[in-house]
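The two complexes that follow have chain A in common; it is paired with chain B in the first and with chain C in the second.
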Partner chain A sequence: MAVDATGTATGGGAAAAVPPPGTGGRRRQVPWLGLLFLAPALILLGALVLYPIVFSIVRSLFDAGGETFVGLGNYGRMFTDHDTLIALRNNVIWVVVAPTIATALGLIFAVLTERIRWATAFKALIFMPMAVSFLATGVIFRLVYDQDPAKGVANAVVVSVHDLFNKSSEYPGAFPRDKKALPAHDGGYETAKPVAAGTPAMLPLVGFPPAQLPDSATQAKAAEPSSGLSGTVWLDFKPGGGGTSGVIDPGEKGMPGVVVQAVRDGSVVATATTADDGTFHFDSLSGGAYTLLLPQSNFAEPFNGVLWLGPTLVTPAIIASYIWIYAGFAMVLIAAGLASIPRDTLEAARVDGATEWQVFRRVTMPLLSPVLVVVFVTLVINVLKIFDLVYIMAPGSVQAEANVLALQMWLVSFGGGNDFGFGSAIGVFLFLLVIPAMAFNIRRFVGER
Partner chain B sequence: MAGVELSHVGKVYHDGTRAVSDLNLHISDGEFLVLVGPSGCGKTTALRMIAGLEEISEGTITIGDRVVNHVPSRDRDVAMVFQSYALYPHLTIRDNIGFGLQLRKMDKKEIQRRVQEAAHILGLSDHLDRKPRNLSGGQRQRVAMGRAIVREPQVFLMDEPLSNLDAKLRVQMRAEVARLQRDLGTTTIYVTHDQTEAMTLGDRVAVMKQGVLQQVAEPQTLYDHPNNIFVAGFIGSPAMNLVMGTFGAIDAEPDTDRVPLRLGSHELLVPRKVFEERPALARYENRPVVVGIRPEDLSDATLVEPGPGEVFRASADLVEAMGSDVVVHLQGDADHVDTDDTRELARDSGRELDVDHEKTIVVARFSPRTTAAEGQTLEVRVDTERLQFFDPETGLAVWDDTENHVGGT
Partner chain C sequence: MRHAILKTTAVAGLAVLLAACGGGSSAPGGGTTSSGEPSEGAFPDLSGQTISVDAVWTGAEQETFQKLMSDFESKTGAKFNYTSTGDQIATVLGTKVQGGSPPDVAILPQPGLLNQFAKAGNLQPLSDEASAAVDANYSPIWKELGSVDGKAYGVWVDASNKSTVWYNTKEFDNAGISSEPQTWEDFLAAGKTLADAGVKVPVSIGGADGWTLTDWFENVYLRSAGADKYDQLSTHDIKWTDPSVEEALKTLAQLFGDKTLIGDPNRALQVDFPTSVTNTFSANPSSAIVFEGSFVAGVISSSTPSKVGTDAKWFPFPSINGSSPSVVGGGDVAVAFKDTPGAKAFLQYLATPEAAALMVSTGSFTSANKNLDPSAYPDDNSRAVGQAIVDAGDNFRFDMSDLAPPAFGGTKGAGEWKDLQDFLANPNNIQGTMKQLEADAAAAFK
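Let's turn to the complex of A and B:
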């Protein structure tokens, strides 16, 4: 703009075709007068915008210390360095996903709130996150995504929904007293030796707090010898100490509700559940050569929710928090665009025979598309330079997986890398990426004028 | 095509504002009905209820033989022309006109044929591939018409379609609308606040005021036999003069066969024939009555031979030569008529702030041969046989006691 202005000002003076001798001549004598008036703006722009850009470009052609000229070496490194490539990949994901979803949500909110009475209250609510800084948002969402369902609301929701459909196991973490007699098998435990009908099997377990046994649990006892296969599963731990391991002592309780499977030749032939005193019976099974299996379902660890800020989900999780902020921004702009569509035109379409959906698809959307494009492009620019959210939200262990270019630029220059040449190269690269979007938006604004 | 029937239709908005009350109208198949009235009289609301853009609070609307109260707009088979034209700015003229047909999944060739035909009728054939923003106001108006006629609907609904055009174009388009409707024969309901459009276009004209129907009649009937002060003052341009008058004793001068009528300091003699036409007028003996005088019933007395009691003298306040006639504003001293109707009329014509009660201006339309000039005192002849009389209390025209047009169809 400034360059443009000087061009017209000086050029206009010089090119005035046949200037009247008085004014034109005088103007030609003092071309520096125009420059004088432009000087404050030129100096400020030059010092604050132009010089840093040029300096960054030059700096990007030198090595870490700034002494050796490396040409485009830093740029080459950008596309070979593993961490930077991941940052680049993440940036692509960000640019494609975040503006699209934010714009789409904004559109949905704007269209839906157009017809309700408390639209203003709803819009204010959706727009409010815009007032929250990225730093605060990052802190809030670290809590939201906390692994512990007791702290993180995301996992609290996931765990409650999961437990609603999928009961957690009865005795998580319990394991056999004697790992030789009852070795691990597929997450559960299977007797090492075959058991035979008529001899009750003793299956002592430990590693489970007695206080957490079901209230219905009673003193364990050995199963009555009978013709069928039978046995006892109990917690082989005497509160207050004492007792003999592998033997039912007074005070040791049975473990009710444990699923026991009888296996013969590798396939399950019968299933039983322990009673309150820990006994189980397979009355129909006789003979020997069975093994008893306590399947995994008895001992599975409780579902602890999703590892939101783990290596796989960290980028989507951060993008979601970004959308939380910017959906409101999109909504407000789109709602303003919607309000500027003449009601008559929509009504004309209705009388012409359009259903509400057709009115939306064939009239509202085309008339709204300029606004949608502006919102989208603005968000793209915004997303390209995303830094703080990622920096704050991604735990150190997964920072590399969540990395984006702006963060990588900071990391290699100030965050320990100390390589200002490479950092400048990334900065210049980001600048190049933003230019098309900026040019598009500027052209649009100029065109509107 | 079909007729439209409005039966006890009313509209109350959510905030309790009443826009239309107890509207009864029967529009026959192929008829051109004009709804006219000052702004805010509910005529557009009534039209929008027929179109299905406004919910019907009371009564029923029937198109053809189908009650459409709960039929969505798209299924009513009506076409509407909006005041703003409401064209689709992102579509070409071709697609604007064909939009309704495309929505009905009509065969592409048939759409093409119909659009071409409509464009031909409206003189838009050369502009089909342009966008609305590249057209002039008159052309846009034609596109809006084209969009309506191409669908061959049962009813055309037009909401002040000409009011955004300049005066000359409006006259031209008015003729086009009339010709188009005559050729197509489609039932048309046309809303306007311009009484000239109403008079020239309508087979019948319905006058509304504050949501209430005042009179429905053929244009000439409306002009000659207005039901009440409002219709009398609204229809006609320049508007009818309304002044307070007082009849003398009916039998005062039996030999002249005329009854004296005092208008301020002037006295006219009204022929007994008028009392035969309006039997109820006898009850106004020695009582005030609202007298309506059409401007064209006043003439320069020097150009005609006035009969007895037909002349009064007044000074010319303003003389406007129109070419075909001369409009003279005369200063009289008869009392103003101050009723709801006249206040509403004043509001409509923007004279609300006129609180000058000293002067009563009477507008006359003289023949161009008159020599009247501003400031002169003129002899004005009144066609006393054509005077209109209204009750000052009710505002109703005084005919006989049984006749009452109000709310009629």
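Let's turn to the complex of A and C:
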């Protein structure tokens, strides 16, 4: 309230203070002289700010061609058009999440760097992304989020951490030659028909590059008929093709190290591992009616990382890159605010026995809150008009899921839509959203003067 | 510098020589009209006249076109004033026409522009001689493509081919695929064989770029529904809910819906076009087949260790239900804005096999000129690409999405691009995809 009062008072005072220098000791001057001096600024403001605003508002009341008056039709469309609604939802997420995290991180960095020796170097490092344009940031982060762990650092980290705990399988992606004889079962493959001891089972697999077989693999061969259950798991494909499928041809190698489980009545009764020629034996098992299971652990695909720029994660991923830029901005402003807090207040609190946390909570924070609010509101304004990062980072297939209002405005008016009426309506709506934040900031500035 | 000039001249000279041979052999074809024969005497003396030409080409492409202008200069004595408009040719020409000073000749990269200017009455119809040269040297479809309301305005200087399926020869050898797939069934079978051989994503799809998917659809549609339906769908005379669209999407779903052929569709949707090519032709490729236009060759040469013609080859888009050779593509069309003798004669010249031979001599362009001697091409690859265009004859069609309003056929994340991306993510949803396509098309075509 006090701020409001001073704000209005100062504002009124400033307005009242303008005439005296002109009048001086003489009589009142003709008003046109003042207007003449104001004219350049007025013309510029009128032409560059006022006219476009008014024109946009008028244009938003007309259809795509600009000839038919549609009233508030374009505004109604804004809240029924599916893509625009998604853009609106994303804008809400942006406005809530991005300024909050950026301000919080900025505060943490600012408070922590106050106490370290290399504060300036550290601050410079955090602030540096501010020097990078949104376009360049977008390009950089598209690479960071690349789905291929060999290119994208985000997935490289995720995959290395994952692989520390889960070893990848020996034959990722391999699948049976005949999916009817060896249908899928819990991610692995199980024989459709029971296998009897004495007749070796043939389990041909494909879908694995022959060149990537272990060096120890040798020419596959049928298991020796014996009294026990036995068989061969081999790669039924030789480089250059040819050969008969389901038959061990010369040049087709066994697949060593495949785990084979013998199953009876739904429970695993024995486990064997294939030899270098692909053969396996369950010497202890005799009789019939076993099925053979090649469990999933043999074939699990390697973990390929997260689809950062897929439909679900794209907005958080882009927000993270925004924070990378703006945390430094928040830090610098907050650090300046911190520096202006009178030291003696803090000292007094410490002398009175306050802990550091109490000093921060009860003294620093209240004194810093005006700065925090300004930083937050500035970021809100900035986030409302976010465009470039989303446009550059979101792949075409998920652009609709990552859409924000500023981008949607551009898309419907210039990006192929050619509907300037609808585009203007979105522009006016964005303008309305920014006004409260602007008004708030202007009031604050006036109040501080 | 001097060396370069000498070399250029030598190549140009050689090309003219070859073209002359080609022209000779083609004489019977053009025999019905005397002006169809490329003979120097056919062109009037134009000394002292200047022909202004506007085109989008810069750099190497401009140099190629410069050869044609030099050749025409030496034949007629006319001088040229070439202006490159950059990508904004529609704006530049529109402004010039409004200002009352259009160029004599312009080369338009989009068929839509020819329509636009012709309908506005800005273009001069082809002279009888130029018209006869087009008749003699091109398949009738090309005259039609350059005509508006039955009047011929344009000469197609070059044509591109977007019906080429590129494959990694090593992967094909490794999998034992000895012959290039001819039919859609062969194509799918080849993909399965590649999967058996351990290729993780046999067919690489650049789904992050919507235009690659529209090209898939257009090629399948042209073959499964035929050229007439294709024309009707291009102009939205039939709806996207037409049974023919359903059939094409069903055919496409045989590919898109098979994870052994294209891998995880959600990952395919993250792959942009250049990556789809490098995935197929890098040193350690994860794919073996990638479909797109003849410009794939450029990406292969610039960003992969593979060599076009040995490591990387292509076959024409497979035939569906016995369809005859068809090509989806594009091209550049020369039109006259002014009724000057120079403009008339130059358009006539551009329709000759001689001009086509110079145009293709650097490997940057391919031509639809059927009387062009194939030996004018500098390499086997561009020769085969050009041959496929000529072989398609009247089954050549323009890229449908280029003909549609940009809101439908040319906008990232919207319209046909987005709808087909959603289709790739969920190939079972054929009915929903058709409805969405029709809704978007209806909004854009109104």
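Things to note:
We take it that the second predicted complex is superposed on the first by the 358 of 449 C-alpha atoms of A that agree within 3 Å, B and C clash if a C-alpha of one lies under 4 Å from a C-alpha of the other, contacts with A are read in each partner's own complex, and residues count from 1 in each chain.
One rule holds for everything that comes next: a residue touches a chain if its C-beta (ideal position, glycine included) is under 8 Å from a C-beta of that chain, and two chains touch if they have at least 3 such contacts.
Just so we're clear, the structure is a prediction, and the values are computed from it rather than from any experiment.
Once the two complexes are overlaid on the shared chain, A:310 sits against chain C while remaining clear of chain B.
Contact with neither chain B nor chain C is seen for A:107 once the two complexes are overlaid on the shared chain. Of the two partner chains placed by superposition, A:248 touches none, neither chain B nor chain C.
Of the two partner chains placed around the shared chain by superposition, neither chain B nor chain C is touched by A:384. In the superposition on chain A, no contact is made by A:375 with either chain B or chain C.
Once chain A of one complex is fitted onto chain A of the other, the partner contacts of A:209 are limited to chain C, with no touch recorded for chain B. In the superposed pair of complexes, A:430 makes contact with neither chain B nor chain C.
Between chain B and chain C, it is C that contacts the larger number of residues in chain A.
Across the superposed pair, chain B and chain C touch chain A at no common residue. On chain A, the positions that touch chain B within their shared complex are 342, 344-345, 347-355, 358, 362-363, 366-367.
Contact residues of chain B toward chain A in the complex are 51-53, 72-76, 78-80, 82-84, 86-90, 99-100, 103-104, 147, 151, 157.
Interface residues of chain C, counted against chain A in their complex, comprise 173-177, 193, 195-200, 207-210, 260, 266-267, 269-270, 272, 406-407, 410-415, 417-418, 421, 424-425. Considering their complex, residues 83, 147, 173, 175, 177, 206-210, 212, 237, 239-242, 304, 307, 309-310, 394-400, 403, 411, 415-418 of chain A touch chain C.
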